[in-house]
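What follows are several structures.
Both complexes shown next keep chain A, but they swap its partner, so chain B is in the first and chain C is in the second.
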Partner chain A sequence: MLHSATRKRRLINALLLLLSCLLAIFSIRVAEVSLANPNELSGWILFTAVTVLLFYAARKRLSTLPLGRVAHWLQVHIYTGLFCLFVFFIHTGWQWPNGWFEIGLTVSLIGTIITGVVGLYWSRTLPTALTRLGDEVLYERISGFCAGLRNEAEEIVLAAVEKTGSHALSDFYTRFAHGALSRPNFHWRRLYSNYSPLHRHERKLMAAKRLMSSNEATAAERLQELLQQKDLLDAHFTLQGALKHWLFVHLAFSLPLIPLVLLHIILVYSFGLA
Partner chain B sequence: MSLTNIKIERRQRWDKPFAESWAEGELERVLDLPIFKSMDAERFPSQLSLQGIVRNDTRLVHYEPGDIVAREDDYGSSAFIVVSGEVTVVLPPGLPADLLGRGVVSQPEGWWGAIKRIFNRSRFNETRHYAKEGWDLKGDLRYQQGIARVHINNLEEQLADCQLALLGPGELIGEVAALTRSPRTASMVVTQPSELLEIRWQGFRDLRKYDDGFRTRVDDIYRERNRVSYLKALPFFSELEDNQIEIIAEQTLLESYGDLEWKATRRKGASSSVPSEPTIVEQGDYVDGLLIVLNGGARIVGKHHAGQQTIGFSRSGDFFGMHEIVLSHQGQTEHEYPVHQYSLTAMGHADVLRIPTDLIESKLLENLASEQIQQLIKQSAYPRASVDQGFQEFIGEHQYTNGRSTMVIDTSRCVRCDDCVTACARNHDNNPRFLRHGRQFSNLMVTNACMHCVDPVCMVGCPTGAISRRIDGEVVINDETCIGCSTCATACPYDNIRMVEISDPAGNPAVDAKTNKPIVKATKCDLCVDNKGGPACERACPHDALSRVDLTDTATLNVLLRRAANFL
Partner chain C sequence: MRKQLQDISFRVSRYFRPLEPWHCGGLENGEQCPLGPDRKGRCRAQLALQDDQGQASRACRPVANLRARRQRVGWIAMIAVLAVLTLGFSYDSWKPLAMPGPLSVHHMSFGGEDCDSCHQAAVQPKSSWVSSLLGTHPSVDDAKNCIACHQIGEVPENPHSLPSDQLLSLTEAMNAHTAQLDTGNRVLSASLLVNVAQQFVGEEAKTPSCTVCHNEHTGSDQITQVSNQQCAVCHTASFADISAHNDFTDYPANRRTQIVFNHNSHLNKHFLDEDSSDLAPQNCIDCHRADSMGKKMEVRGFDTACSSCHLEQITGENRTSAKGIAMLAFPAVDTETLLERGVDVGSWPADSDAELTPLNLLMIGLLNPELSPQLTQLRALDLYDLRDASDAELDLVYHAMWTLKQSYFEMQRGGAQSMLASLQKQLVTDSGRAREVLGLLSPDLIDAAVSQAFPNLAEEMQQWLIKGLPALRLVAKTENEAQEATAINKVTEGENNEDWLAAAAGADEDDWLEDAADDTGDEDWLSEAAEDDSDDWLDEAVADSQDADDDDWLNEAAQEESSDDWLDEAVVDSEDTTDDDAWLNEATQDESDDWLDEAVAESAEPDEGDDWLNEAAGDDADSLDDDWLEDSLDDDNASLFDDENDIAVEAIDESKSVVTVPELLAIEDRAAAGGWYFEDFYLRYRPSGHADRLIVAWVELLINNTDSAMQSAMMSNVLSKDSPGTCIKCHSVDRQQIAGITRQTVNWLGKKASLTKHGFNSFAHQSHIAVIKHANSDLGVDEVDGCQACHKPNRDSDSSLAYEQEILADFQSDFYNLDKQQCIECHQPETQLANCTQCHNYHIGERVLVGMKIGFQSEAGKVKQTFSTQLE
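Our next item is the complex of A and B:
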């Protein structure tokens, strides 16, 4: 159940979006009736909306200016993005473009909106998943912690081999644990399920333990703890990594959008409407 | 491998005396002062002898004309006895802030200032323009006996328009700050070469404890100088006449509970929980007086099954026991006399005033109309345990009740983008003033950011008055007068003050001209007091995950917890 303030905010924003869409349709119809070019009007509405989308990035950088809360700007950004999608389809007449330039422009806009929606979904779901993990870890420190775990694991295994002369633990380490501990691992499946490779490793360690001496088994228990810690770090690495890096994909689609839109306007006025 | 105990000597209270050394004959001269001469040394226990207290908890300080002894609003931790010369007390409105070494309270910068800041930002961290230009102070800074002091030039000219009171040899000053660790009520300067005996609060409290004459004298001074005005400023007593207030003040007791050094215990990893806290009053006991929390913090505790449950928290200026007194006065209780509904315990340390119940009944309740009584019953009612009990205990355990503007992050909303950190850095010399890290309860994280405490222990002992509290409660550091002594950073029980090395705008590190050591400054969150929009961190959060809240505000907490629980 959503908090009443959130519900109220979403309802108001949705109504404003609906109103804006109706207003856009009405204006375009009026343009049609008055024998003006409706595509020209929808194009300029779309350009204005795309420009409004840019304000969010500008606001984030101008933190010294009293420009209100970024959270409010984000709401404007999200709903304007959805408005853009609606106006875009009206502008194109709900048809897929046929020229390379127009396809590029469309991919850029649709890609921006899709990555934006994915980012929005992740920003609403992944923080809760991160909180459920328990301990907070700063993303930048994950690599350092992983290196610490790997070094300790190697020391444990080497010490066990020296002490017992047996290779049961070292075999398990080189075949399974080394890969898991060598670096932070990004698992896509963690983003949409409770996936964890830990159970698989633990099952294999359990099987390997049957072949170990008591000294090796003690070392294996510590190795298991290290694998559990590494699994937690991997979960942070995946979830925080997704939250941090989706923005780069979003930017990869949105950055070409402005020059493409400007070029589109120039081309249209030079060869189309002129 | 076997382990063996390493025997070391346990640290003792007087391992580090207040005075670095005593010149020959100086200690004897001090002990000959009338104030100590009149004390009965026999009444002091052998481990806390009078001579020991004077030797270890006092020091003789020499002042030159223009030296500031203490500043108005500073949190002092010592009292002074004038040995020779004269101390001038500057009565309100007092001296201007910049003359005392503080930053001038300015209005937040406007649009133009904010735009200029964007373009003037240095590429380097913690740059200062005065690193090469020297001090931009109206007064000078000088060191004497290892103590840094702001010195006022042209003192006579500066004092010309002020109201003054002169105190000569034998007079006791600054006793309230030493007793209650409250802000100094007036600034004190020296107009002629003077010698003062400074007594740190530990020794001052012991002198008061073991010598009846000294205690009476201190209490009389305190009552005369402070208690009447303090009581008069409280809402319940504001309409009483002066003579009635004086009668109440006369019979009001000042009591201290707990340990002023609670922060040291806390640093060692110990947390504050109900059973370990000293009890001020016990649930079910007769209400012998109305309690007013003067300083520190207290916890309202109720018995629940076999344990104790936190009901709420009391801070400076809060009342306890009024509800029972009023209900009993109205005949609305089971017993004929008022009985405490809950216990009150000291969180770390608490100073309380106890006003006898019969005085409250005769001087206050008898003179109130029935509507006012009903209003009083409503106002004094205890909070219901409406906040998540675990969170309530978490706040109490880590003493976050001290904070007025605590940074809380809802980790189920926070996308770990660090936009809050970046915004803070952009507003503060490219160096954030907080860590996005801290203790966590469920999905609420209390970060390492200055909480702008009700009882800001960081302000105790700042030698230049660089750290001060603004009228709205924000605790700020005047960078220009900060000498980098780390006193505030060491004192902060929450580790929210950081010492940073500074450089000039070209990135050249600033070093001490004499020692060649880096110049360091104390830095902390200032709630972006210079910024018109308020705290940049809070405004920069795209998901409303970060809030600055008073953790004793039940309504706000409930909103936070409910919002967090309902967020997808």
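Our next item is the complex of A and C:
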């Protein structure tokens, strides 16, 4: 259930976006009807919008200046990005470009907008999923915790082998658990479902426990707890990793947009707005 | 309770600085160094624990933080793109990289890399591209490249390609027209969009760039996109949809038709006539067809639509009067009166009753321009009866007749082309046109006609050329005219610089000849002849001639006491006028036959050398009837044909079989296929059929040269509705005032569609006919009714009255104007058929694609197509 303030904010922002789109399309049509070049106007609108998008990154770096809250800038960034998508399609006539340069420009802009939208979605949904996990762990320390779990598991298995002389637990560890505990694992399916490989490991461990002595079974239970913790770490690794890495793609698309847009303007004006 | 993965307590969990660019590499193993790396990514622990040898005792590789790595990825991506662009545009073949999209099929021939054909930036240094952001709008300059190939109207850069003043006048006319209309059902404010746009229309709209409506590089073949609102923004009388469109007040016809055709009289009268009902067309498309573009309906050609009824009118076949146009005449002249009044115009055909034709007047005017102002007066004179003519008129006749003789003489000697130079000079025409008007006149026919009309023309002209014209010595009938005659005589004497003429002015009739002979001394016979009175010299000349061998046949012929008519005609028909026989020509021309009587009385026995004549006379010696000879010499070539008839008759008798002998047709019927012929001292011309080149040439030659009387007369003759040819009966003449001068144009063709010339309106007849056919096939309505669904005949109109008007638009059509409701039934916005450009053109005038030169060029071993848009 959304907070009423958030809902109100979204409603206002959506109305402003709709109004901007209508204003843009009307002004572009006016330009077309008044025998000006509508693509010229839509292009400059698009350029202005892209420039506004860049302001958000600048605002984050200029934290000391009184330029308003970053949260507000983020709202402007988000809705301006959506506005860009609409104006872009008007600018291109809702057609996919044919030239190599134009395709590059389009891919860059569309990639920026899509990754932005995906990032926006994840930033709205994944934190809730992380909260549901129950634990808090810094993303950068997940690898360290994972190494600790792996070391502890190896000690338990070795101790069990020395104590019982049985290799049932060590075989299970070697075949299944070692891979799961060796490093943090990123599971895409966790981003949109409740996927977890833990159940599969637990089933195999339960099957192996029937062949174990009681000492081994005790060690196996401890190993199962470690696997559960590792599963939790993987969940953090996946969700936090998505939250932190979508920006990589977003930037990889958006930064090349700057030279591409500038060159596009130069080419367009040099070649007669063709 | 499960143990927390991480204790977030600051005492246990070390603070992680995400804004720092580096973090400890041991963090991944849970062995984070408390020092951590510095901002340059160097491990502080490693630096601190270096031993004396400088070897690090502990391996640690600092790892860049996510934030730093993210920035690094962004910059790498941007630098990579910049590198690709720099490399791409520095490479010679950069054009495919910049090409925004494939060209339409219309411009596909330019290829993918021939940007400089349209864009001058392609040949400019790339450093200048940036300056284009601040300079002149490049689309304006690049539009010149469009116009280099596409000739679009008179002023291509203007709206509708029309001159500004014409646009202004059209706008004013449209405003005035709109003001007269009932605007009750009109929505003058087309829409909010248009109203707002009208406020933003800038100066650039006065010369809109091509790219406003034409978008290339879209990959589509449809590069023209014009909305109704774009049309409406400029038009002061705009409307929201087609239902508010003006009623058709002058559409489809805004002027009288080029071909004079009265649908009502044909449909309701001529086609119902029993004689022509089987020739009548069955439906509209028997006479009309869509043009090659399927747009305008054209009139089918004469051969298809008109010839069945009108061909004989042109060739004159069904005329009771003369079937050929009297082009040249050898007129009858009242020489008796002229001689009485002291005017010697030489000999003129006594049997002629021809009158001067306009072309005669033209010939006189061309040869003697001084007479041009008086030709109207000459035309009004009755040359056959000059008894009441004034001295001034006789003077005019005197000069005109000699000029006409000179003209005929030159034509006889030099052919019809002797008039070409004068025609070209006087009527300002090209040599081709001048040749067409006379080129078909055979020299043989001229010679035969002139010889018959003026058998002694050569001698007359010889004398004239040697001595000049015989003196004009007007004899005044009354005292009042005496003074005028004296003045004219003086003027005439002054015109002739020859002394002999001055001396002869007061002498007897033939004194001038005597003096002339004295001057030359060459013509002894002439001297002797001049010494005697009147025609006595001729008698002697004939008497002397009895000894001459050449003239023996004449003695024999005279002995038979036959009529002299055969001799007259024989002499006239003689093609060769030798020097020896010249005296005979003149003698024959003389009305007095006394010389012949004397010659007959003194004649000797028939000479054996003239057997042909003896035999001819011997056949009927008792009563010499020379009719056979007369008949044989009567018609141009009849004698030969008659001989053949005789032979044919004999053959019939011998074989006892029945053979139909072709009847000898009259000369004008023999010229039915077209051409010149000589009849009754007229050189006539019969058109060979429709669009006869000579008739067309005369019409075109004279159509705008009616400033003189002779030309007007010629025009009236050639362009008369009743004249053979009857061009103007069907081909209307448009008159336009250009700079105060009336220019006339004969509409030789009906309304013809032009592939290059475009008006404001465009209607696709062919597609509408298809629709009508489809609809009618269901309704069982024939095609005539299909056409009349739109073109409703106005049975009360009389379109022929329009051709008596000067103003082309002042006319009454045979059909009512179209009803726009019929258009609106289909042309609705939802059918996508309601665009302005569906029925209207933007570019008005000539639209021609020029300047494209396609060639091939060998380049690096490959043959490559080359194109040039340079106008040659």
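Worth a mention:
Just so we're on the same page, the second predicted complex is superposed on the first by the 273 of 274 C-alpha atoms of A that agree within 3 Å, B and C clash if a C-alpha of one lies under 4 Å from a C-alpha of the other, contacts with A are read in each partner's own complex, and residues count from 1 in each chain.
The criterion applied here is as follows: a residue touches a chain if its C-beta (ideal position, glycine included) is under 8 Å from a C-beta of that chain, and two chains touch if they have at least 3 such contacts.
All figures in this text were calculated on a predicted structure; none of them were measured in a lab.
Of the two partner chains placed around the shared chain by superposition, neither chain B nor chain C is touched by A:10. When the shared chain is aligned, chain C comes close enough to touch A:35, but chain B does not.
In the superposition on chain A, A:138 makes contact with both chain B and chain C. Within the superposed three-chain model, A:244 lies in touch with chain B and with chain C [touch as defined at top]. By the touch criterion defined above, A:266 reaches chain C but does not reach chain B. A count of residues in chain A touched by chain B and by chain C gives the higher number to C.
Of the two partner chains placed by the overlay, only chain B lies in contact with A:125; chain C stays clear of it. In the superposition on chain A, no contact is made by A:203 with either chain B or chain C. Residue overlap on chain A between its contacts with chain B in one complex and with chain C in the other: 136, 138-139, 244.
By the touch criterion stated above, chain C contacts chain A in their complex at residues 2-6, 8, 13, 16, 18, 23, 27-32, 65-66, 69-71, 73-75, 77-78, 80-82, 85, 96-102, 115, 118-119, 121-122, 124, 128-130, 132-133, 137-139, 141-143, 193-194, 196-198, 200-202, 204-205, 208-209, 211-212, 216-219, 227, 229-230, 232-234.
Only residues 1-3, 5-6, 60, 62-71, 73-74, 122-128, 130-131, 136, 138-139, 240, 243-244 of chain A touch chain B when the two sit together in their complex. Taken in their complex, chain B has these residues touching chain A: 111, 114-115, 117-118, 411-417, 419, 422-423, 426-427, 436-437, 440, 442-443, 445, 531-533, 536, 538-545, 562-563, 566-568. Put simply, chain A touches chain C in their complex at residues 26, 29-37, 93, 95, 97-102, 104, 108, 135-141, 143-145, 147-148, 225, 228-229, 232-233, 236, 244-245, 247-248, 251-256, 258-260, 263, 265-267, 269-274.
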